[in-house]
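Pasting a structure here, questions to come.
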């Protein structure tokens, strides 16, 4: 079913916040879909990267509840292929940071199972915590 | 050549074999790694928001150490060598950002007022593969060519992308293939060479990593590869350890050994097995090495 | 002659106290009978962690109440307790490597190397260096660098990555002390000797001596100290 | 920095340093003849504060009625209890436990660890923060005869010799015999002892020791041990119930004369709790904060001898309360750190006490009471240096260490000292320290036997509160040892007693009521109440206006 | 009435000047220092009455020279020149003294100093007027010769239109055949009529047209000249077939092709079909003649074969043919160089050149052209994917623009393919399907109606299956947000259009500007779409930007119309302000020859230097090359400038300071005017002189200014990329170094000599630099007399 969208100051402010934080001009996105095509994680995503850009442009805060930004591992495949030279890895980092800066971690670092923890390389832990904890 | 060397935390823990084989191979070639003193963790992933300066402190602090080493003439190079692709990527991105934003660099220098000098933006970050390329793959004295060993070069993401820091053409890289051929092995052309291995999802989303890794391994096998080389301890962990876990779960999954490129380079240069830390590789590399009796005393 | 007084702000309230007094002396002179935020009064126990700002200086400084002399216009607040949940562990079951820290202190990997902890430490410890040593599994250097820690908690209060440095430090030192430090063979076999009663007879002899005999043996004993 | 007028004296010290350095190089530690027995007796009688005729007075009540004790101790003995049966209904129990340990220094911590290891319910009560105690502040070291050229026999001799042969032999035996395994136990818990390259223990000499047997953890030995014990205790919350900021004010007994618990008092909330316990271990430490003869002290804020008072009122016997250990080297300048401990290790490393004319006047490593008396003699013979606040002190020539043991020794071996003085911008590598004896240790205490038991069944004592181990003078490093040895023994024995079965009768504090009547008979002023819980540092002009405050330090 | 030589008219400009400058004082000053002058003051000199005043005075007093002290010459120089003409005087004996913008408006708050400055300005103009002499506005005869570069549909159409209108056209095409890219196509959208059928008749018409000289297999080496007079050098590569010279030699009997052993992919067939070393590129090639591919012909490689020569009945093959250089003098040039197709190898992600079944759209043109033959050149399988926007709208490779034609040619290829082989399963992956032209939308709908499936999404990953060579394409359908990952038998890349590399030489020699997308820049997109900034040079076709064939042909005709309109004037006035040589002084040393990039200086019959007025741009940068100052510039002669400078400094008092400012007329002078118009304040030390380009200011003139008392000299010109003379600034800098050398020797601070570049908007930059210079000389003080003496020659 289609969702009714109303453009308010709030939707514009949300877009401006994400654009400010990411440094990317989201309105430049021409919805060509190259990013979603090349994204290695797209099958797990509930909202495709191109759709995220669309919803952010429309100021829909529902994107904050999506898993997409957490699945994105900043592999930069979309960054090097976007015809408009937009850097989607920065947009998803901005979305993550909005959540993390509300002191809402995306991982409970205490819950890492002990046997796993001992085996994990430092690089995995530091990388994960940098992206999933505020 | 004495070059400042930034190991990165994982080289000291689970990726000891990468460091051992790298240092040994480099020494054999004539390059001495001089570990920078009091280095600190690079942060693994680069902070991409426009306003977050704090996450760029760690790399800048490392560059200060290189600056100090140069002043003390402890090294002959002003470039900082890294082995791990993620360290390379993060250090380079921050370095570029600092070189382009003098005001941000000034803020960071002011913040680190306990350091006795400011970072002047004079250091460059370079990956061991670029150094080897610069040195000349053909000039490597190969004593033990890896004849008819079919090797797939796995770049992952951080060596090639984004373009500003990539060490080769992100869509059609050739640097590792050139190394493989120089080592006498057969380089395999395959598609998944720069597809993401799942990176740090291996902490909490292991199934996703396993799915990606099985895709990569199958693609390598379909293209006739017998071994995969990589230069990132996280990719190595995902491809090696997670692959082994998968193989344990379903027995008909045919495993493929994962090497650090410096391990194969070490073998090709005729180094002793003890220098290469092969025992730390999860999937036993010895069958494939024995098959081509490549490794001295590979029982 | 009349003692010169200086103005200080204790938890925001203005007081006049004798020049040259330490923060603890100032608090007591002001009439506070301290229960919290004071302990050994000699800079050893870390109970009197204090943060303060001096007049005309934007920097937020940390120090020990018993060791810091007040200055004119100093604004002082005591931090008697730093909220932190110390993990529970059986030392015997732990292995001296970075895996233990992944389990017990996963937050240590959030360190951004900003060195704010080192700035906060009143014991001039390179706090960031020992946290970085722990991250790369070098427990020996972590133990040595963090040795002088008196658990005042100021580093943890200032850490943007919310790491509890001192809890990491004590575990690193205990792991080093128990597992990594070389053991002294003399100690082990002396403990065996005592258990096997090697010295029971001599001691019994001494027990039997009266004051004068003891005194004689005592003054005749050969002193060999280097 | 040192004021101008002190600089001339410092110059003299510097001038004589070369000569003294040469002697030290030639004779090693024996730079000055040690005192004979006779010389020791003479100097103690003439100069040691304990031997001053007005130092002691006779106690008129309790088990030690008739004995002479230090005035300040006598005062807290002859004082009214805080609690009486009339105000307390002992039937309403707040806590019930098997082993109640009062005091959380290294003794209390060791006791509670050993007790909980045996599987009994334990409770640890401490007046301030867990681990805030004299144990944390010890710098010098811990003695243990574990070297090949050393043995418990020699250790035994040093202890009794130092204590002028008044020590209880069974306690000394326990002390020296348990020493090696105590070090082992501590190392197993993770204490980082100073070691040589090959892993052998780095041992130093100490005042009155005939061999090098002083183990250390740099100059934070007390802290090195206590923080590990504290961490171990905090890692087992299930077995050990901890109450911080809570003092004990009165022991509870039952109708069969056994100890049966204690009344606790929360320092901030001013709330009283009744604890029923099958055994009680007193580990409340020393009495430095009584400021005997107005001496400054090295003791921590809570060292007010509460345990002695409670034990005495419950009927336990006190030993050697007529002797106080004054540590010869207490800081006397600058004014902010007067009384702070300068570890004996400074002298062990070669620093020499010299008077204002730069003359070495005593063997640096005499037992503490002798050394202190010698310092007092120099000051009374006008050879001391006076400070702006009217105190007197003699120079401790620390730059000598850098010359003797090499540049950087102070920084690596005495970091705490260096940091302490550098906070008041005095660099002890270039300038000597100004020191004077400071109130340091309570040689005596509640009498215990080798199992840490007192005469009262179920009541154990460990640590500085115990008496008899060190006779009338303790050697450096033996206190850190006794708190571990008797802390563990008290813990083990208390737990064993509980396991063997303890039947508690009806609780009562009748002994306190009777004691109060006795004190009243002596006509003691109603305001004198003990235990005093905290020293009283509020300036009088403020206290005069604090009309409603309930003040802990009620002894005046 | 007594005759006077010079009339000086002080304009009050309705108070704009008179409210600040005390004109009566100026009049008094002029009369005191000159006798042979008439001074008048009037409210509005530019008005009809004002002009009439001049005309009457010329008649009454027989005035020979006129000085008008009023607003900037850029406002009313033309007006007053008109007045002079009416008065029977030569329009170039007029001098304008810029009192308003350069004096009254900027020094409103210091009237006395403004008045003194006004005196200097009028003195300077007056001294220059004394030395003015009549200049004839020559007329340049325009011919009918036109050069058309590029033999694609654009070039062909322009040439035909021009030829039909009687113009003489030279058409130069670099390939062996006409037709350009269009000829390669099968059908054209939207009508699907065959490309060849449209273009062949036109190509034929070109060869038959008497007015068109056609050079194929030829390239432009160089084009000199400007403003409707160009001299081009064309190199014609040999075809090694004699028929070049007289038609009947080669009878196209095709024997040579049959016997030739070498076979190479035919570039014209986009490599889909091969051809021999000797070949005719295309079936409908015009001129329909053979050409020999010397790179692959074994004779030329190792002289190992001459089969074709032996077999040729007419002996028409001649290996010894040489290339020829032809000089073409024309009045106008039409650039129709077309475009290059984007090389898909530059985007390796598509796998072009690596995967067997990935082809470009041009290759597809040839494939579809041969699709219905018995056995087509290559198999294309069942499921075909068209990928749009390859190399266009893609900032990763720097092409931001849309190539406009790819959507439609994909639709065309798809629909032709579908009509020929209905069973094909065709998908077109697009981002925005652009069908904007006439009949385009209907054509798009017809394609959809045939069952061609349009999917909105840009494919981002291509993998070739090693065994069956199918290509797996991964693309997101952005409308259903599903990820499509499926195999295709053939992938056609719709490559975009890129600026033609071969046309670089044309751009450099004609100095044509380029727009951001790299195509040639039209003078103005709306009202001069086919003109360029270079007068007489026009654009046609994709050279000006991507466009489809209908637009190209329209533009071709427009270009022809513009050429015709321009040349219709028959003659065009030449600006007389050009360089000239004092024949008496010139000693023929020839040092000036290579000082003129447009090569306008040559040596005349009697060995003296001479300026070709058709080529000279009047920049004056050649003057410094002449050691004896024989080279000069009309209306800005050396003599005049010396006079102006000394007049401006004559009444300088000791405590005063002077900055002599030379400003290029096109940018800096207008900028200084703009400062005046905005009433912006700056130092009153400045005395501004205009010249076509400051490269005209010779070192000796600068030294002369310092000698005469200038405390600083400020040269202002436009930056290289905006300048009409891109070599000028380099010359200025060389002059500056010469002067700086001299100043250093006399230890005069070299910072007194500034050269700065300004764009039209750099008002603040000028104000701050001139003020800073003023502060500097306040600090440094004036030159010593001894220094000044040494400078004066």
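Read from first to last, the chains carry the letters A, B, C, D and E; within each, the first residue is number 1.
FYI, a contact is a pair of C-beta atoms (placed from the backbone, for glycine too) under 8 Å apart; a residue touches a chain by one contact, two chains touch by 3 or more.
All of these numbers come straight from a predicted model, not from anything done at the bench.
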Statement: Sorted by label, the chains bordering both chain C and chain E are A, B
Query: Which neighbours does chain A have in common with chain D?
result: C
Query: Based on the averaged CA atom positions, which chain is farthest from chain A?
result: D
- request: Would you mind checking which pair of chains has the most C-beta pairs in contact?
  value: C-D
Message: Nearest whole angstrom, what separates the Cα centre of chain A from the Cα centre of chain C?
response: 44
Message: Taking the mean of the C-alpha atoms as each chain's centre, how many Å separate chain A from chain E?
response: 48
Task: Would you mind pulling out the distance in Å between where the CA atoms of chain C average out and where those of chain D do?
output: 19
Geometric centre distance via CA averages, chain C-chain B, whole Å: 40
Statement: chain C touches at least 2 other chains through residues 97-98, 135-137
- request: Check each residue of chain A and list the ones that touch at least two other chains.
  value: 80, 112, 119-120, 122, 125-126, 130
Message: Going by the touch rule stated at the top, which chains touch which?
response: A-B, A-C, A-E, B-C, B-E, C-D
Field: Sites on chain C touched by chain B in the complex
entry: 97-98, 111-115, 118-119, 128-129, 132, 135-138, 160
Chain D residues touching chain C - in the complex, by the definition given at the top: 28-29, 37, 128-129, 131-132, 134, 136-137, 145-149, 151-154, 156-157, 160-161, 165, 169-170, 173, 176-177, 180-181, 183-184, 187-193, 195, 198-201, 205, 209-212, 217-218, 220, 222-223, 227-228, 231-232, 234-237, 245, 267-268, 298, 300-301, 335-337, 340-341, 365, 415-416, 419-420, 423-424, 534, 537-539, 542-543, 546, 549, 551-552
Task: Write out the stretch or stretches of chain C touching chain D in their complex.
output: 20-22, 25, 28-31, 33-36, 38-45, 47, 67-69, 86, 88-91, 123-124, 143, 147-148, 150-151, 170-171, 173-178, 181-188, 190-191, 194-195, 199, 202-203, 206-207, 211, 214-215, 217-219, 221-226
Message: Give the list of chain A residues in touch with chain C in this complex.
response: 109-110, 112, 114, 117-120, 122, 125-126, 129-130, 133
Message: Under the definition above, what is the set of chain E residues touching chain B in their complex?
response: 347-349, 463, 466
